[in-house]
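Each chain gets a letter, A, B, C, D and E, in the order it is written, and its residues are counted from 1.
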């Protein structure tokens, strides 16, 4: 059995990579992808904890089922919006949208 | 049977949403129809009665993951009030623009369901999924307006930032789960208050704060607010501003007031500083705004700062103040956006379009003035009482300096609120045509007005309810 | 429960406003009469209060108490003691005459009277409230009508002036609110009842800081000089009746608050800070008088003279003696009606000549002798001529404050000289120089001008001749406040200030 | 370290490479399709990690939903919003300072989190999971987590209908 | 009820562990399994392609291949040889990496499905507790390969073909999974082997306890969706030659094309095999004393091939759907029906659990 911190290390790295991407990418679809990476990092965490710390109740695994569902839903709506925007603006780059002042 | 009874209001709202959707499926649906919204509002009314009956229940059900207490019931009522008022005036806005009222109604009802479930959630899973139900409904509501690109942009911005926020929130939750071995708030409180909690728990708690901070306009997670307020349709924004943040506040109360009490030494100072920064940013950045919707966005941010003060103050009066504030803020903001949606949408809420509103539509102007004055905290309107309760809680908890700074910063808000009032009453209208609006808008505005004035003039009973309910925040 | 006289006095204007809001805007005459009746009722009731107040019993009478916000122990607690009675009368006079002074307004009559009546209502409420929270509510309630009144019906720089006023008053309100909350929780009595809180003994430290906080908040409203810059703009920008009520009543709210709250609750704090306040009071008197001298605009001049006059009141408060405080409160009344008269006349003149620059007028006494005489009386009252109400006010302020701050008292007496100079010069410039051609056709006072002039002048003269009517009332009102003062001893050494200001 | 341990660590290493490599690929590939493909690899790695943690059900769900639905939807969107040239479709923001700040902040967060995660007092339970995890999860969904389960159902409905509402009417318009 | 003894994986690994270190045993097992699957698929494909040609030929009153080998049996082998030696063309403007990778992704994920097929009581490569979902999951992974292929070709026909096929797969996956659920609910397990075991025995002494009798609707939906999943007629739009050239594999040739082709056949067989497992009693059948271990395998293959034959039958006789009809059919007919099927299954489970039937028929 691989030790718990190793799993946490992976998940943290993945989370950080996702966060970095989400903050710095210009393409809306990629930002969405990066958010998925972050959610995957969370899921790794949850599964790890439910295996190591809470193997009887497995709350973490249950939680993961819900996060997966939410992630899928979010992507579906997000992509719908992106496609609509692409029709109007012919671009998916965030800085090409009139983001106004922020 | 008992536990189903606990969920009755949510079931009514959800079922109404489904019925509206099904009706939409089978009807040919000419876009001008408004009956779906009326039906939704009626369902909300029924749910409101069902919710009132739950006052004083105070039970925990579903294996400790769901709690119906006065606190939850109070926030359910806020959500229902926001949804009901929004549904009343929304069709007047949506129908002429070719949006199917049924779609919007269903989304409002589902989001309201999420807002009603969230304050009752006693474990991370229920809490998270309710929060996301709200978020996703709002993604759609924000982005769905036809024929314009602004709403879609606003929707995308909201979605991306909200997605990031939920990822951060979840990461914090996962760490808390790892450290305490449970996702149940009660168990987490127990685990965290036993002995010295690890630093990681503090970090996790801050991540959760960041995630929820997105919903409650906490600076620096507020960036979405102005663009979304400007881009989205007014009914959506009204509901967003009044309902969504209130529900999130309930979660914040449960989490930070109870579960993370053991970590208070860490998050209290941070939240205190953030509260002041939030008030400052909200009020100062609102000054140069020339768009009333953006202006109200910053005002929302400023108000979030005041509420944060009450959260930090904690205890019974702090909790009560948060609750009181949420309800009264909901009334004010719905009234304001009701007015905006009645006439100002075509120009996107630009302040110039408000010129001479008092001549073109005295009723609208009056409602707007009262709503803004309430937001500015002018007595005897509801907003003043709410502000009083918040600052009283802060002073009681000993944060006199912070309360003082926030109060002084709040003076700035007079400038931008009164600016709008001035434009409405003093300036000459560009065109003199009187503005007509539908019966629903009239009813919603009248109700909002009554709420603002009545709850300001007779605050006693509600304040009492809030105080009592705040006592049940413990679980 | 007997008939709630105080509430009726306070709420009569509000009721009038509500009735007016139901009248179609085109029925201007009806609207005016409703306003007149509403303020008239308030006027009659306040006279009744003055007469019915039982001097021998003293204290707060006509009490009405209803639970309002029980969680905070807040009550709807109205009543009247000697001071309140006097100030209610003042408010009623100014409100009543204000309606007639605004008779000629043609623009948005309905909204105008609603706003005006709301403002009158709020001001009257402050004087009748004996719950701290209620008092503050009335205080803040006045801000919005003031803003609207100036912003919509004002003249020069009206929007700027209105915004400035709103910001300043809200700033003051915020400070007061903080102070109230602090004192509420420091006292820990779970009540906002002024009478109860006044009995609570705060520690010295608390008294010093809370007094400072509250006085600072109220000082914005008075206004005391460094915080005064909103006032000239506001008074000048406001329409005639607006100026009347601003100068006549609103300016008193702050000073009233200092006496009612800060002084009563925190006598020790008052003793500590009094020398500093006295300095500012004198600066007020002298500086504002100087500024008034330099004004070309009639209304600016009167506005600055108001600041100067309120300086006397503040000095009287700072002196903390029986005579000086009585004088200060009497000055509220005296200056209130006098400033109302001055502004009313300035307004009437302006309505006819459409200018407020004194140099542009001249010789108007020939065409409008009534107004000229009235203005002259107002000017003399302003100077404090014996036989007018303000003589007694200023006299007792001097008598009371001279033993405490001799230097400051003398300096402020000199302010009278300036006042005499600019007031009389104004009378001369406006009314007694050769008549300009373009003004030859102007009309003298019409009936509603008569109402304003006669009512106010009646009171100026009556109180000048028979001051003890109000003096006794004020004295009885001040009794409990003064009772706390003698034991108060300064603990923080403000020696250098005392050296400047004399020794108590 | 016995053989099983070595094997487990070897497998873990491979999965780490997939996950982290895939993650980096998403951020650093300049062709967005490559980014999407490396995201799929990353998801596969995550599924592997679940297998190694005896969460078979989740591992399969990971493949089914993340790859079978999420990744495919994303690729669809990429195709629908396709430029003529795919190279250089996945760029960083223009401002260097924002990039630098984000990098610094993210590095700090990462270091702190990993540091704390390693030294946190994890209370590792020696127990092993119940044999039939899938059944256990299913039963929990129907009892303990019935409410979230129902909410999730509504949420998915909203997402489904919402996506259609957003995208469909536009087609009618254009 | 025999538990894990039916799983080849632990037994084989244990046996291998006698010779080599444990981890090497694991690796060897996986490599061996992979090789086995490849061989299986290749063989199957050879047979099935021959069968297809023969079946369709005869149905269309032709003879099909008959020259190469007896009954033309070697025709497919010859074709495969031809493919293998064909020039390996990678068009100039394709995205090389993805273009090369795509067929392998598809083939790999199809191959993974064979991991969980219970060919006989002991012949299953890995009896996962989530076997059915595993099958669905890797079925959807396969569609990613199609997308890659379609996209990397930089050819609009390829791309549209790829998108069409994936849209089709994704849409029909929904009713398919819902239909699968019926059998899963009856069996109370997601493990393929367990599901087969649940179908043991006879009702009333002569009806085999196959789930198809309880789940006719589920079986029908599953089979239709299976056709769509594998792009068989009437759902063969992605490669509708008349509209799109050859769909996502327009640009492919040689063995790369062959891999797609193989994967398609393997997929078709896998669908049939899974249908057999879930609804037709898997390897259950009369066992004779002659080579008893072989009979289950024979029954399984027979059932699966019979189903594949049905697919070919449909292919040779039916017309192709139009794309919007196809989508409408999936979402508006199959999905509601499959939801209905779940309710039916739940009712059946309730009835069976209550024991009424057992009492009625005494079995």
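Please note the rule applied: contacts are C-beta pairs under 8 Å (C-beta built on N, C-alpha and C of every residue); 3 or more make two chains touch, one makes a residue touch a chain.
For clarity, every value in this text was computed on a predicted model and none was experimentally measured.
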Worksheet item: Hey, what chains does chain B share as contacts with chain C?
Response: none
Fill in: Closest chain to the centre of mass proxy, which here is the mean CA position
B
Practice prompt. Please report how many Å separate the Cα centroid of chain A from that of chain E, as a whole number.
Written response: 32
Worksheet entry | Interchain centroid distance [CA atoms averaged], chain C/chain D, Å | 70
Worksheet item: When the C-alpha atoms of chain A and chain D are each averaged to a single point, how far apart are the two points in Å?
Response: 6
Response to the item:
Per the C-alpha means, the centres of chain A and chain B lie apart by a whole-Å value of 26
Worksheet item: Considering chain D alone, which of its residues make contact with at least two other chains?
Response: 57, 61, 69, 76, 113, 117, 122-123, 125, 133, 144-145, 148, 152, 155, 158-159, 162-163, 166, 170
Worksheet, complete the sentence: Residue ranges of chain C touching at least 2 other chains are none
Worksheet entry | For chain B, residues contacting two or more additional chains | 125, 129, 132, 136, 139-140, 143, 152, 155, 175, 178, 181
Discussion item. Judged by the touch rule stated earlier, which pairs of chains are there in contact?
Written reply: A-B, A-D, B-C, B-D, D-E
Worksheet item: Which residues of chain C touch chain B in their complex?
Response: 67-72, 111, 133, 136-138, 140-141, 143-144, 147-148, 151-152, 158-159, 162-163, 166-167, 170-171, 173-175, 177-178, 181-182, 184-185
Worksheet entry | Complex interface listing, chain A residues touching chain B | 15, 18-19, 22, 28, 31-32, 35, 38-39, 41-42, 45-46, 48-49, 53-54, 57, 59-60, 62-63, 66-67, 70, 73-74, 77-78, 80-82, 84-85, 88-89, 94, 97-102
Worksheet, complete the sentence: Per the touch rule, the chain E residues reaching chain D in their complex are 21-24, 26-27, 95, 97-98, 101, 128-130, 133-134, 136-141, 143-144, 147-148, 151-152, 159, 163, 166-167, 170, 173, 188-190
Worksheet item: Given the complex with chain D, which residues does chain A contribute to the contact?
Response: 1-2, 4-10, 12-21, 23-27, 29-30, 32-34, 36-37, 40, 43-44, 47-48, 50-56, 58, 61-62, 64-66, 68-77, 79-84, 86-87, 92-93, 95
Worksheet item: In their complex, what parts of chain D are in touch with chain A?
Response: 5, 8-9, 12, 15-16, 19-20, 23-24, 26-27, 32, 35-36, 39, 42-43, 46, 49-50, 52-55, 57-58, 61-62, 65-66, 69-70, 73-74, 76-78, 80-81, 89-94, 98-99, 102-103, 105-107, 109-110, 113-114, 117-118, 122-125, 127-130, 133, 136-137, 140-141, 144-145, 148, 152, 155-156, 158-160, 162-164, 166-167, 170, 174
